[in-house]
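Following are the structures in question.
Paired with chain B in one complex and with chain C in the other, chain A is shared by the two complexes that follow.
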Partner chain A sequence: MWKWKKDKGDEFPAQNETIRDIMKQLKQSKDFVTYPIDGETKCVLVYFKTMVEPKIINDRILPALKQNALHSLEEMKDIISVEGLTVTDDINDFRQRVMQGHVIVQMKENDKKFLTIPAVIAEKREVSIPEVEFSVVGPKEAFVESLDTNINLVRKRLTLPQLMVKELSIGKMTKTRVAILFVDGIANKENVNTVMQRLGDIEYDQINDSSYITQMIADNSNSPFPQLLDTERPDRVTGSLVEGKIAILVDGSPHALTCPTTVVEFFSASDDYFLPWHLASAFRVIRLFAVIFSVLSTPLYVAILTYHHEMIPQDLLATIVSSRADIPFPPILEVIVLELTIELLREAGARLPTKVGQTIGIVGGIVIGTAAVEAGLTSNVLLIIVALGALASFTTPVYQIGNTIRLVRFPFLIGAQLWGLVGVSMVMAFFIAHLIRLQSIGRPFFAPIYPLRFRDLKDAFIRLPFNKQSKRPIQTRPVDSNRFNQKRANEKRDVDE
Partner chain B sequence: MKINIALPLLLIVSILLTGCLPHESVEEVALVNLAGVDYVDEEYKKGTVAIHHYGRTKEEIPSEQYLSYTAKSLKEIASGLESKSPRPIRMGKLSFSLYGEELARNDLSDSIDMLARDPHIGRDVYLGIVAGDTQELMEKKYSENETTARYLIGLMEQNEKNNFPTTNLHRFLFAYYGKGMDGFLPYLKSEGDEVKIAGVALFKEALMVDVIPFTDVFTFKMLIENFNQGVQAIEFKDKNVVMENIGSRVKYKLEGNNNKPKFIININITGIVSEISDVGSLEAKTLTPEFEKEFSKYFERNGKKMLAKFQEGKIDPLGLGKILKNRRGNFDKKVWEQQYPTVPIELNIKVNIVESGISA
Partner chain C sequence: MNKAKHNVPIPENLLITSTMVFFLIHSMQVGVGLLGFERYIAMAAGYDAWISILIAGLVIHLLLWMIYRILELSGGDLVSIHEFVFGKYIGSLMNMVFSLYFLLLSLTVLRTFIEVIQVWVFPQLNVWWYALAFLVMVYYFVEGGLRVITGMCLISVLLGLPLLLFKFFPIQLGQVDNLYPLIDHSLMDLLASAKTTTLSFLGFELLLMFYPFLKNQQESKKWAHFGAFYTTMIYLASALVAFVYYSEEQLQFVTWGTISMWKIVDFPFLQRFEYAGIALWAYVVLPNICIGLWAASRIPKRMFKKIKQRYVIWLYSLILLVASALLETRSMIDQLNTITSQIGFYVLLYIPFLFVMMLFMKKVMKRDEN
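Up next, the complex of A and B:
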């Protein structure tokens, strides 16, 4: 479906005419091995020694070739006990397979016909606990860099014949394997086609991580808001698949993408489903409040202190005025200095090794903050506001949206300085308009709020108990919207029945 | 194509123009909490403002500075005050505005107009009429722990919960601009080292015409609004009986038409007799019906006297005209003003004493 779109002339490296040319090229690499066998069976093994598992060559291939007298590739294919052997004369296959870590067997060097034996080194990281989306309760598995392991993590949670895995390779040079997972009969066909088409249309040389895909297939790639939700938790992916969403897994990336998503989903944590619904709802509301606070607290400080003095309560006036009395800067500069300090700490903390990073975070926060107040560069009222704002921005369960919130604060600050509260409202109006226009795989991004999907509100700002979640979200337009039979779910049966 | 040029242009212009707007941070301005206007003579007025100087630590009580200036109009006073202040004066935090009695008896409309027009000034500002000189009242120090402004606000807030009717700029403006209504404001008096609410100053348009003494304020509040607190004492057989109000409900009824209106004011008061000197608790219980009768008699007599006074003075702080206007339509202010002194007003008061003896 997508192959025809690719112009053959664009292939890299350029087409080589014969196996001899390819061999010549490959032989320039030090780790390329041509190993002729000169016993009863006469043949040549060709492989990259850094890509193949020596065990397979030593235990399976060499004994089979040396103990038997074989005169054709077909005979070898029958004798060698490794799965996935093929005999072919396709030059493209030759190049691709040898690069992927297959052992190629030829009757004599530069022969047209050859046998390929998969002997890829299974070098991968163990499945470990999630670090970005850690949760105290619930499963502790996180995705790793191997696509097959990741698909396995999802499949073992969702043992359904309807769970479809489509695969394509993207990236002219990296040829990265990208898998699309969805549940047939639930996921909307249109969504699946959109994702497949957008992935197929990607024209780029390398895909190093799933975040490349997020940016490339986003409906609006200029938006600061991520339009695909990324997660490292297989249980979250399973949850999304069951809701009729589509998951995208990229080989080499420990983060899966799910779509279509909504802005509210970025503030829902997997904890929300492990805790009783009222507690979970309360925490989710706190998280949403924290985000609003984080974005608006410093702009409001600037706007009120610069333009709207009458809004400061009488009892707070003394506190603010006396703490500001020694500060040589207007509120906006004071805020920018402190916000930048926090951003610096954050960047430094993210770049430094874990152990050092933590120290920098704590020491930097306390020392720099206190010193700035004592030096009279910022007021302690603002220090509290900025610190709380930074803290609140860390409450987002999805890392990507945390970055957005970090950035979004600055336009608000500029608006607040230029036009006061009017400016804050203007920037707010701009962002809300932007969010309303935004789409995730063609589905509204601001969904349960606008367009108002009353039914989807059951799992948006609050999470209602599971027996109220009998319908899948309208936002994904699932083929089958019933999760379970609510009537049966609400029946209370006695033990004797 | 046109919009492609117009939009960025608009944005650039609006951003550049913000440079023309002078703005100061809070600590760079003098915020006025308390302002007072006095009558000097026919032409001149004297304006006084209290501005706060905050210390380096928030624990310090801000020192108050009083600036006053005499000029013909409030605008001139404002600019005159600037000439005495180290920082630009901002009226945004104004919370209490005082007027001298003499000014109020002459004309308050200019001052009220100024407050009504300033968008920075809130609508929950207290207004007050001062017996005597406002500057004198403002400059006295009443409390060690509070500024005078805070002290006066506390005085009003505390009293509004009890016997004193709710007043503020919003309510006064509503009555002032509304048809068939007259406003009223607290009447403050400075006595030695203290300041007290001496009563209610009644207005005819922007002219102060009368004062209800503080002893009658309970009756006045009862006629105006529903409330759940407040205390009233009466003489009962040479003894002092105090009733604590726990729920007073007032209902206005209108009978007749525009030409011949008749007002019926029904008031239900539920109260507790909390303090009776020299009466045993058992005795007090049997006396309860008598207390009820005595209290309703007192309120009726007092209320009727008050209403008669209003009608005589052609002032309408209860807003009877507004009730007629709202309920009957076709309101003619001139006709109403002629009718008002003779319009029949019936006052029915029912006192229900539910408990006696124990003071809460």
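Up next, the complex of A and C:
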């Protein structure tokens, strides 16, 4: 983790201003309105017209001010029927509130004391279907950009007085609202403190998305592996909270973060809990194999064809030799060219609108692939392997780890070219060392493999039925680790009883 | 009374659970030795050598018990034990000897593994570059501390398990008659053969270094013995498979028994398994080298407060690199193995001596107090 050192001196903007200075600065903007009311009540309204809801001003504020003779801000506070009014003389409050879309009322312009009336425009996207983590069965709600809506999506699934929501404001310029959610009485205090402290230590000018937070509070920011799990599914966040994890929601980001997490959690999908346990386990194992295949297939191709062709049995060797007979390149060049082509396609597809993206996929995948084989630049066998590897990398349920897997196979290719299988196993050992050393907010990232936790293995590579999941994972070190009484769950009725 | 003085405080988050001792002991014992020990043990005792393995295993359990008694009496690690028993100067000397001995263990494993790669996979391997890459990786492990190394031990044991399944192929073709008549060697032959297994069983004495890191030291005893027992069983199984597969005369010409047996593995998509087997063996030797280097570099750190372990690891890694590159020929590596085995044998003899000295010193201390 980066050591963010807070230096009070360089706060932006500078703090020692008067209301007059601020007003002067704000008046330079076209959408800033100063609206004096001159009737029985004499006062000044100050607001950004692009940030406030006109309905609130017209229906609630103006009638109240015009119909009554009010002589102090406190009287106005009682009369105006909007919730969240405050009377204060804090300059920082003034600056912050007016920028957030409050209407400020002063008895006369540049008065020190003022009343703030929240009148924020509720501009937000409708809650829609999850697109990154789609599942056929199960809830179809995904987070949106509004923090309050997101918290609502979680709260309505977890109607518990123990569900705590703490809020921070991060980013010197964006002042982004960041909420930390956890269930008091389950979540470990130490974890909560770690997260709060790391978030509090962040000093950066902007936080545009939750992925900024992931990178900034990660234990090892030089690692290609994401150390916080990001999800757009409120049901997944709820599940994590109940397990004793902590969720971080960022205003303006439709992705929540949960921590502490483990490497195996990145391969578990929400579907795993909606399907019967044997099916879910089988699919999860397939996914893990897919990832291993995706990372290792091309390096093994390079290693075996370059150095150890004796390993291929004679019949299979004939197939491979005949497909490679006219290829002018060594295996490593062949593989790198094809892998880069696939990466190119993927990158192009990700940058383009959906409809054009499909065309690119067809042109790239089918036309280039066939042409490359016919021109004798690559072999059929390799084309199959590379395409399968790319396909397998799409099976990861969490998008972030998919990116990691894309990149991780290149060091393996280098290892394979240098020392064959020995090189591949060395790169693998290096990654194992890296994974063992990684931590997610201070908890081991490679659990439950190391440290070996048999209890957590029941929801790692396979998912056992719910009546076996009586304990919350050790990984989160929950205060209360019992989900239910295991004894009662396993009582069996005798024959004919 | 002396306990407080000799205790080595380790931060709570660096401790390892007692179960992990199983993996630490086992993976440190199994190394390159397992790939070719069959020939050596059969030299003295013929095909009765499997009894020697059992004898050696028993001795290991006895020594392990002694080590635990020594550690319990002192409550510290090897460094504090030496200082307690021999005083400051001789103790320091013994500590340095052990530091170099652990380094020698690492060197032997590293160089022999590279030798295996040279013989079986890449005859033209550039030892400098390969050893450098390997040591960079080892450094990455050791720099993470004992916790990370223990993780590698666990993974090495887990990855080693499927390799055991490949013993099935030679068993299918083997002749059980090779083992008969069952006992036709004298006890001396058996003991001589047991002595040759020293190098294979070495490594458990590193418990003397990592004991303070154990969370529940009392409970770890059981796991340490399990670990040593598991090692014995694996050696026994490997020896029996080799004896069943090779005839007694043929075995004398097979340097790497296990690797040669991998050659007959045959699947529709894979044959000549030894290439993959040797690649996977990197995981088996890694813990050896890592623990050896870790223990070797920890001794100076414990002796002198000011020395940072990281710098010692650098220095020792450099020594390992240069030494493994300079040991060029097969005969030199063979000699290295013989010397390490010899020194290891003396180290094993040294443990009972230390045990007696420890008891004696405790007695003296007690009498002085009275």
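Please note the rule applied: the second predicted complex is superposed on the first by the 478 of 497 C-alpha atoms of A that agree within 3 Å, B and C clash if a C-alpha of one lies under 4 Å from a C-alpha of the other, contacts with A are read in each partner's own complex, and residues count from 1 in each chain.
As a convention for this text, contacts are C-beta pairs under 8 Å (C-beta built on N, C-alpha and C of every residue); 3 or more make two chains touch, one makes a residue touch a chain.
Just so you know, these numbers come straight off a predicted model, no measurement behind them.
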{"item": "Three-chain arrangement built on chain A, chain B and chain C clash or fit", "value": "clash"}
{"item": "First (chain B), second (chain C), both or neither touched by A:I432", "value": "second"}
{"item": "First (chain B), second (chain C), both or neither touched by A:P330", "value": "first"}
{"item": "Touching partner for A:D201 - first (chain B), second (chain C), both, neither", "value": "neither"}
{"item": "Partner chain(s) touched by A:S322 [first = chain B, second = chain C, both, neither]", "value": "first"}
{"item": "Touching partner for A:D480 - first (chain B), second (chain C), both, neither", "value": "neither"}
{"item": "Which superposed partner A:Y307 touches (first chain B, second chain C, both, neither)", "value": "both"}
{"item": "First (chain B), second (chain C), both or neither touched by A:V424", "value": "second"}
{"item": "Partner chain in contact with A:L452 - chain B first, chain C second, else both or neither", "value": "second"}
{"item": "Which of chain B and chain C A:D21 touches, first, second, both or neither", "value": "neither"}
{"item": "Of the stretches 21-29, 237-245, 327-335 or 345-353 belonging to chain B, the one that collides with chain C", "value": "327-335"}
{"item": "Touching both chain C and chain B, counted on chain A across the two superposed complexes", "value": "307-308, 310, 312, 418-419"}
{"item": "Residues on chain C engaged by chain A in the complex (per definition of touch)", "value": "17, 19-20, 117, 121-122, 125, 130, 133-134, 137, 140-141, 144, 147-148, 150-152, 154-155, 266-273, 275-276, 278-280, 282-283, 286"}
{"item": "Residues of chain A that touch chain B when the two form their complex", "value": "305-310, 312, 314, 317-327, 330-331, 418-419"}
{"item": "In the complex, chain A residues that touch chain C", "value": "307-308, 310-313, 315-316, 418-422, 424-426, 429-430, 432-434, 436-437, 446, 449-452"}
{"item": "Residues of chain B touching chain A in the complex", "value": "14-15, 18, 23-27, 29, 31, 33, 52, 54-58, 60, 62, 90, 92-93, 95, 120-122, 150"}
